Structure formats: structure tokens, C-alpha cells
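Each of the two complexes below includes chain A, the first together with chain B, the second together with chain C.
Moving on, here comes the complex of A and B:
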């Protein structure tokens, strides 16, 4: 099979897998709904075909609870995968992902603060908005500190991110210890990653950042490819290296921050999807980014089904499901990379 | 009516005819946690967790949630067409009384709620009468490393049982951690711990707290969990139980009589 045919097959597979995963996610849950009924209900909503065959209770479950949740899962997965793919090109390291940005600990600090002050229990969207603000503040702090002594190197930016992350994590620990036991449970579920209780407003919050952010990164596909050749080579090709780097970094944080705010920590998605696809669709960002978005979306939608179906007493944290899959993959990839090195 | 917290489980079992109780939490049948274990109507679904999809399928008229249910979940409940009633103010004994009456109004069981409150008031009034003029031992609740300061049900329980809450004296508020050195320095007369939690053994093995007067002289009260966490009308029984340990000469160990007016 030629490379071109293989790429087409990969895109076709992903294009079929995503709607199938979405349909499965809409059908499966505490109250199972027949896939055919779900489809006919969707057509009925679009004014196509006859009335929905689902009972009123099924309609409420499908459109008030599952539909926004499943779309958020797709956006979270797609967003994290695009961020991972972009950062892997930027850092020229196939094992880079959103964890390098420092937005996760910033978001966690914001979320814990919202719980500690009681906002999360009193005000709608308080926790995701506080998490989003924490993520963006962490980003601004990293940017300001890194640029205090002039234009930073890539490693300087990375190390500043690590330091700010450590600071935010320390603040989170202090707040957690000072937070009432009952309130801590709320934030623990959020920190472990999950989509239970997320509705259309959370979907709007995620979509408002993920879609334009991912599109922005896709528009930077060519500069990203040039950057992946190395900074000196990129500069020799007249690329404004510093400006592009900051733009990519900023767009990645803009996607990863709200995603973390809505879903908590969902590790390894940004690593697995682009890493696996690079071998199939090639390293060019204009192909890798959209393929990663689709694969990340499928991965998180399926992981959410697994999280929901784990048991009757508890919904498994989404972040644990992706980590159970991602950590072994990461170790294998690391071994492979060391073997090549 | 669907309940999403143990306090509501206990109150609704007392207030409602069995057919009106659609669901309870899975803890309602647990004798270690629940004061109505064995009395929950068989027809009520035991919800393992706050599962919105199953709640919608049960189609309750009202969902009883706790103060700590987060606002995003409540919005989703509303959007799914489910009304909710939030129980608040359970951190004090008067707050629990008000919450019982409030719940009674919400579920249209005012008479049953008034009956529960009448007994609650009677038990607490009898306790106050028996404890009048008694010296108040200084009690420290200990769930290593947490304690219960001001504005907590456990703190209120200690005070109603004729004790002084040491954590409140220390200026603490809420269920918060307390450093072992500070607890040692506070020198409580009695430690209050949860029965069966291993806290009593841990206290005796603690390098510092094992040397406190209270531990050395064996004044560690192990309270059954179902009473310690009771935020329903059973909080009065919990106060009685604790008072019988702190003031055995004034309060008999037996459970308080019904004391119906």
C-alpha cells in the first residue's frame, strides 16, 4: 500500500470510528438506550423522519445529560491531542504533551480555591471558570517570568513552566489541607478527571476555546513543520522563531486550560494519539493535527464509556482510564525511542 | 421523593409513607452508618451514587440534596426537569431542627416533621435539665489529623452533651486538621473518636498524644459512627449517648424515652 493510500485509510477509519464511538457513548449508560432509538431521536430533532421512539424519560437522559457529555469528551480528547501534536513539533520531542505547559496545576489551584471558598457549591460554573482562570493566570505568569530577562530559550520557557507548576501544586496542597473534609470530595473527583454532571454550559466553555485554538494551531501547521527542523534552520528560512513559538505556546495553553477546567486531569491523550499517528500519516502537521484531533476524540469518548461502565457503585475517574492505557504505551514508546537512540 | 444523602434518608423514612419514597442512598441499609437500617421500605431504590440518569428514570417529584452538592450538578438536575430541595444549616443542633421542619414543608409532611421536632426538643430539653450546673469536661474530637471546631455538628454535639469543645477553644472552625503538638498542648479531659475506625488504638500508639492525661487515664470515648454523623432528628439521641459517657451520674446510659408531648 502506498503512503498516500495508507493516509487515506487512516483518515477514513477515524472518520467512521468517531461517529460510531459517539453513537455507542449516547446509547450506553446507567439507563441503556437502543442505538436505533438514539439515531431516530436525533433525526426527529433535525426534522427528518418520524417522531422519536424513545420514551420521554429517555429523551431527557439523551439530550439533557448524555449529548453534552459525549460532545465534551470528544472536544477534550481532540483538543488535548492537537496540543500534544503541536508541542511535540515545537519541542522536537515525540513524548511532549500538555503537561509541559503548567496549565494543569494552575487550573487545579483555581478549582481548589473555588471549592475552599464555597463558590463551587453555591454558584453555577464557579469551579470550571475558576480553573480556567487559574490555568490562564499560570500561563501569564510563566510568560512574564520567562521574558523578564529578555527572550527566553525553549528550555528556559520549559523550566519556568516547571517552577510555576510546582508553585501552583504547593498552593493546591495548602488549600486542600485547609478545606473542609466534605468539600474536598468535590475537588478530588475533579482532580482525578471526569465528565459527570457536565452540561451544555460546560460544552460551550470548552468549545469556545478548543475549536478556535485547534483551528489556530492548524493554521500554524507550516511554521510548526519548519520549527521542527530546528531553530537555526527555521531562522535561516526567515521564520520569526520567537513569535511563532510564543503563538503556538499560547494557543496550546488556551486549549489545554479550558479543557482541564471542564474535565479535570485527563493524562496521556495528547501523547498517545499524535505519537501513534505520526507513523501512519507522517510528521507533517497539516495531516497530523487533524488526524490527532479525530483520534484523541475517539480515545476520550471510548475512555468515558469505560469510566461510566466500570461498576454500579462508582464511576471510574476518566483520568485513571486514560492513564491505565497511556502509561504502558508511554513506557513502550520510551523504550522504543531509547532503542533508536 | 428521592434522597441523595443519608440525613434525608433517615428523615424521609420517618416522615413519609413507604410508597412516597422513591430512592435512598446505598448507606441507608448500613447499620454502621444509618439509624434507619432495616426500616427502609423495600420498594425504595438504593442508589449506589448520585447517578443523574437513574434519577431521571425514577421520575421523582423532588430530589433531596445536601449542602455540599455542587452547583453544576444542581443545574443539570433542573435542566432535566427535576426539582430539588437543598438541606442546609446542619452544622448546629438548632440548624438541624430548622432543616427537619424545612424538609417537612418541602415534602408536604409538616405534621410528621413537627412530631420529630417535638421529640428532638424534648430529648435536648431533658438533657439540659439533667446537666444544669454540671462541670463541663473539655472534649477534643480526633480523627487523625482532623478535629471539629466551631460551626460543626460534632462540635455542637459535644456542647449539647455537657462538654466544652476544645477545638473551638483553640479558635478552629469547621472540620480541619490539627497538629499533634497543638492537640497535646490543649490537654483535653476526654478524646472523642469514631468507634471501629482504629482511632482509639492510633491514639494509644501516637508518640505524643499517648502521653496526654486523657489517654493515660483511659478517657477516650468511642462513639458509634451512625450517631456521630447523625444530622437528622437522631442528633438528639447522639447528644444523649455522649452525655451518658461524659456525665454518667446525671444521664443514664439507656436511650432517651420517646418523651412525646
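Moving on, here comes the complex of A and C:
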């Protein structure tokens, strides 16, 4: 099979897998709905075909509960995967990931600060914006520390991410202690992560940040490729290296902040999707970023199905599902990386 | 012939220390110049300054008669290409895609590639004789093939000046000969080529002209024999250098001896 055929096959597979995963996620749950019924209900909503065959209760569950939740899962996964792919090019490291670089904890710190100061009660957008700011701060801090001594090694980068994560988590704990009791419940519910109880306002929030952010990163595909050649070569090819990096950080924070604000920490998605796809579609960003978006979306939609299907009355946190899959993957990839020197 | 790129009284500092100290150098169209000198003489600094990556503290670099600092970044990168000793590109990148990134200065971040770009990439692959490797990923190449891919990226920039920093450092003798033959082809098309070369006999065998850099200045300049047999070269390298004529031609065998 030629390289081009393989790429086409990958994109075709992802383009089929995503609608299938979405349909499965809409059908499965504590009240199962037949996939055919879900489709016909959707057509009925669009004014196509006959009336929906679902009972009224099914309609409510499908459109008020599952539909926004499932789309949020897709946006969260797609957004995190595009951020992961971009950071991997920027740090020239195939194992960079927003979660490992402390972006999630940074976003959490920002969000908790917004709750602590009461901003989150006054304005709906305060928490996601504070999360963006926290994520950006974490990225800039890691960039400044890791690049202080030239190009960072993989272990240097991961250790810096570890330190920044620990710092942000410590800040979050301190803030929690200092937060009034009636607000702590909000924070804890949110820090646990997951997509339970997320509705259309969260969907709108995720879409408003993730889609423009991901599109912005896609527009930077060629600069990201030039950057992946190394700082000196990029500069010699007339790329404004520093400016592009800051722009990429800003867009990554724009995506990762609200994603964290909506879904909590969803680790490893941003690592697995681009890392696996790099081998299949190659490292050029104009292919890697869209493919990663699709794969990340599928991954989190499926992970959310698993989180909901665990038991009848309890849900697993979404973040632990992705971690159960992602951590072993990461360790295997890390071994492969070390083996290569 | 007029100078494509020249330096006038160039001073460059790195880490607060003056590395180049009032350096004058002229490079003309189609000329080949080997830059030699002991470790830490400032060779890499000079090459990077000519590529616009390091600022001049005093003096200036003129590109086509205009100060380098007055050029837009893309204006420099469409005229001056820098090829380093090490290729740091991602290993999964295909050779052709790697070479095509050399068109970035011509197209910028968003403009789609045109036929001009595609033919420049093809020409670069042909000149370096790596067309058959176009779809291979960098990780599957030998060190010599990777260096040729890196050179092809520089040629895809369609430069007037090609700067190379130790281009043959990791190459076996066959790949070295290949690389220097490509550089001669490039020169014949009017491109000025300046190469930092550590291996003195290799530099002398290739270059029509040689410049010796010592303590941030050009200490000797001329034909390889003139430069290597000069007192300045013996002083700079701290060794005795003797050229032994081979036959009647200008070719020399070079002998180096530690001085007591």
C-alpha cells in the first residue's frame, strides 16, 4: 500500500469511526435507546422523515442529557489532541502533552482562584477564562525554565512539567482551604472531572473556545513544521521563532483552559492520539492536526461511554478511564523512545 | 565581479565576549571559499552572522550592497541559505517534505505552494542526486544521505549565497566527494558558496580560495597553498604545515607536525 493510500485509509477510518462512536454514545447508557430510534429522532428534529419513534422520556434523555454531553466529549478529545500535537512539534518531543506539562493543573489553579474570589458566581465566563490564564502561565513557565539551558531533553521537559504541576496543585490546595465552605463543593465536583451533568451551556462554552483555537493551530501548521526543524534552522528560514511559540502557547491555552473548566483533567488524550497517528499520517502538521482532532474525539467519546457504563448508579471519573489506557501507553512509548537514544 | 555578501569591520559578541573583531571578507557570485581556523576562532559565529542569526555589535554585513539589518527576514532567507553540521529534523519526516520546508521564506505561513516551489524542490533533489530517496523518512537514511537532504533544503531556498558549517563532518569519503561535487555544480550556477571545513587537506582539495580565521580576524586569505603555507597558519594552528608538490600540477600533499 502506498503512503498516500495509507493516509487516505486512516482519514476514512477516522471519518467513519467518529459518527459511529457518537451514535453509540447517544444510544448506550442507563436507559438504552435503539440506534435506529436515535437516528430517526435526529432526522425528525431536522424536519426529515416521520415523527420520532422514541418515547417522550427517551427524547428528553437523548436531547437534554446525552446530546450535549457526547458533543462536549468529542470537543474535549479533539481539542486536547490538537494541543498535544502542537506542543509535540513545538517542544520537538513526541511525548509532550498538555497534562504532563502541567497545563491541566495550571488551568485548575486558575479556575479555583476564580471560584475563590467569587468571580465564577458572578460571571459564567470567569472560570474558563481564569483557566485559560492558568494554562498559559503554566506553559510560559515551563518554556522559560526548560529552555533556559538550550534545547530541553525529554527527561528535563517532563521533570519541569512535574515541578510546575506540583506547584500548581499546591496552590490549588491552599486556595481550597481558604475557600468558603459553600463554594468548596462546587470546586470539588469540578476538580473530580468528568462530563456528568454538563449541558448546552457547557457545550457552547467548549465549542466557542475549542473550535477557533484548533482552527488557529491548524493555520499555523507550516510554521509548526518549520519550528520542528530546530530553533536555528527555523530562524534561518525567516520564521519569527519566539513570536510563533508564544502564539502557539496562547492558542493551546485557549483550548486547554476551557476544556479543563468543562471536563476537569482528562490526561494522556493529547499524547496518545498524535503519537499514534504520527506513524500513520507522518509528522506534517497539516495532516497530523486534523487526524489528531478526529482520533482524540473518538477516544474521549468512547472513554466517556466506558465511564458511564461502569455501574448502574455510579460513574467512573472520565480522567481515570483515559489514564488507565494512557499511562501504560505512555510508559511503552517512553521505553521505545529511550531505546532509540 | 561584484560582491554578493561582504563584511566591513565586523564585530560580533557572544555572551559578552567579542568573538569577531573587525573582520573584512568579500564573497562574489559563483565563488567557492573554504573558511578554516583553529577551534573557537569564530567560524561558526561568522557563518551565523552572515545568515542574519546574530547581530553585529560594530561594523556591518552587506547583502547585495544593502546592510543585512535593513533586509526583511524573508528577504535574507530567500538569498542566504545556512546548512548546519547536524540535522535536527523529526525522523519521521519524508525527505521531500523536509526539502520543501526550504520554500518557507518564499511562501510564508499560508500561501499555497506554486509550480515554482515544486520545481525548486525537484531541482534541489536532482542536484543532490537524492531523487530516489524523496519519499523515504529521514530516520531510514544514512548520515551521508541525511546531510544531502539537509543540503537539498538549502538549495530549495534558491539562494545566492550558500553557507555550510562543517558539511562533511560525519561523512565517509565517498559521501564527502559527492557533497563537494554538488557544491561545485552549485557554484557553476552562480551561487556563492562559503564552507567551514575542519579537515585542512579536504578544504585545500576543494576550495579555489581559502580564508584563515584566527582570533576573530581574517589572518590570511588566498589560494589554499598560500594560506596553509603562511606564517599566520602555522601560528594559528600551532603546528608546522608543509605542502609537498605532487607531480607538476598545483596539487599538494599536506604534512602537519607538532612544533617543539
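Methods note: the second predicted complex is superposed on the first by the 260 of 341 C-alpha atoms of A that agree within 3 Å, B and C clash if a C-alpha of one lies under 4 Å from a C-alpha of the other, contacts with A are read in each partner's own complex, and residues count from 1 in each chain.
One rule holds for everything that comes next: a residue touches a chain if its C-beta (ideal position, glycine included) is under 8 Å from a C-beta of that chain, and two chains touch if they have at least 3 such contacts.
Predicted model only: the values in this text are computed from it and were never measured.
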Item to check | Touched partner set for A:315, first chain B, second chain C, both or neither | outcome: first
Next on the checklist: In the overlaid three-chain picture, which partner chain does A:51 touch, first (chain B) or second (chain C), both, or neither?
Outcome noted: neither
Checklist entry - With the two structures laid over each other on chain A, which partner does A:3 touch: chain B (first), chain C (second), both, or neither? => result second
Checklist entry - Regarding the shared-chain residue A:183, is it in contact with chain B (first), chain C (second), both, or neither? => result first
Next on the checklist: Looking at A:220 after the superposition, I want to know if it touches chain B, chain C, both of them or none. Which is it: first, second, both, neither?
Outcome noted: second
Checklist entry - Between chain B and chain C, which makes contact with more of the residues in chain A? => result B
Checklist entry - So, A:237: does it touch chain B (first), chain C (second), both, or neither? => result second
Item to check | Of all residues in chain C, those that touch chain A in their complex | outcome: 48, 51-53, 73-74, 76-78, 81-82, 84, 88-90, 92-94, 97-98, 101-102, 104-105, 107, 109-110, 135, 137, 157
Item to check | Of all residues in chain B, those that touch chain A in their complex | outcome: 26, 48-49, 51-54, 56-57, 59, 67-76, 79-81, 146, 174-177
Next on the checklist: Show me the residue ranges of chain A that touch chain B in the complex, using the header's touch definition.
Outcome noted: 29-31, 57, 60-61, 64-66, 120-128, 177-178, 180-183, 185-186, 196-202, 312-315
Checklist entry - Any idea which chain A residues touch chain C in the complex? => result 3, 92, 94, 219-220, 222-223, 225-226, 228-230, 232-233, 235-240, 278-279, 282-284
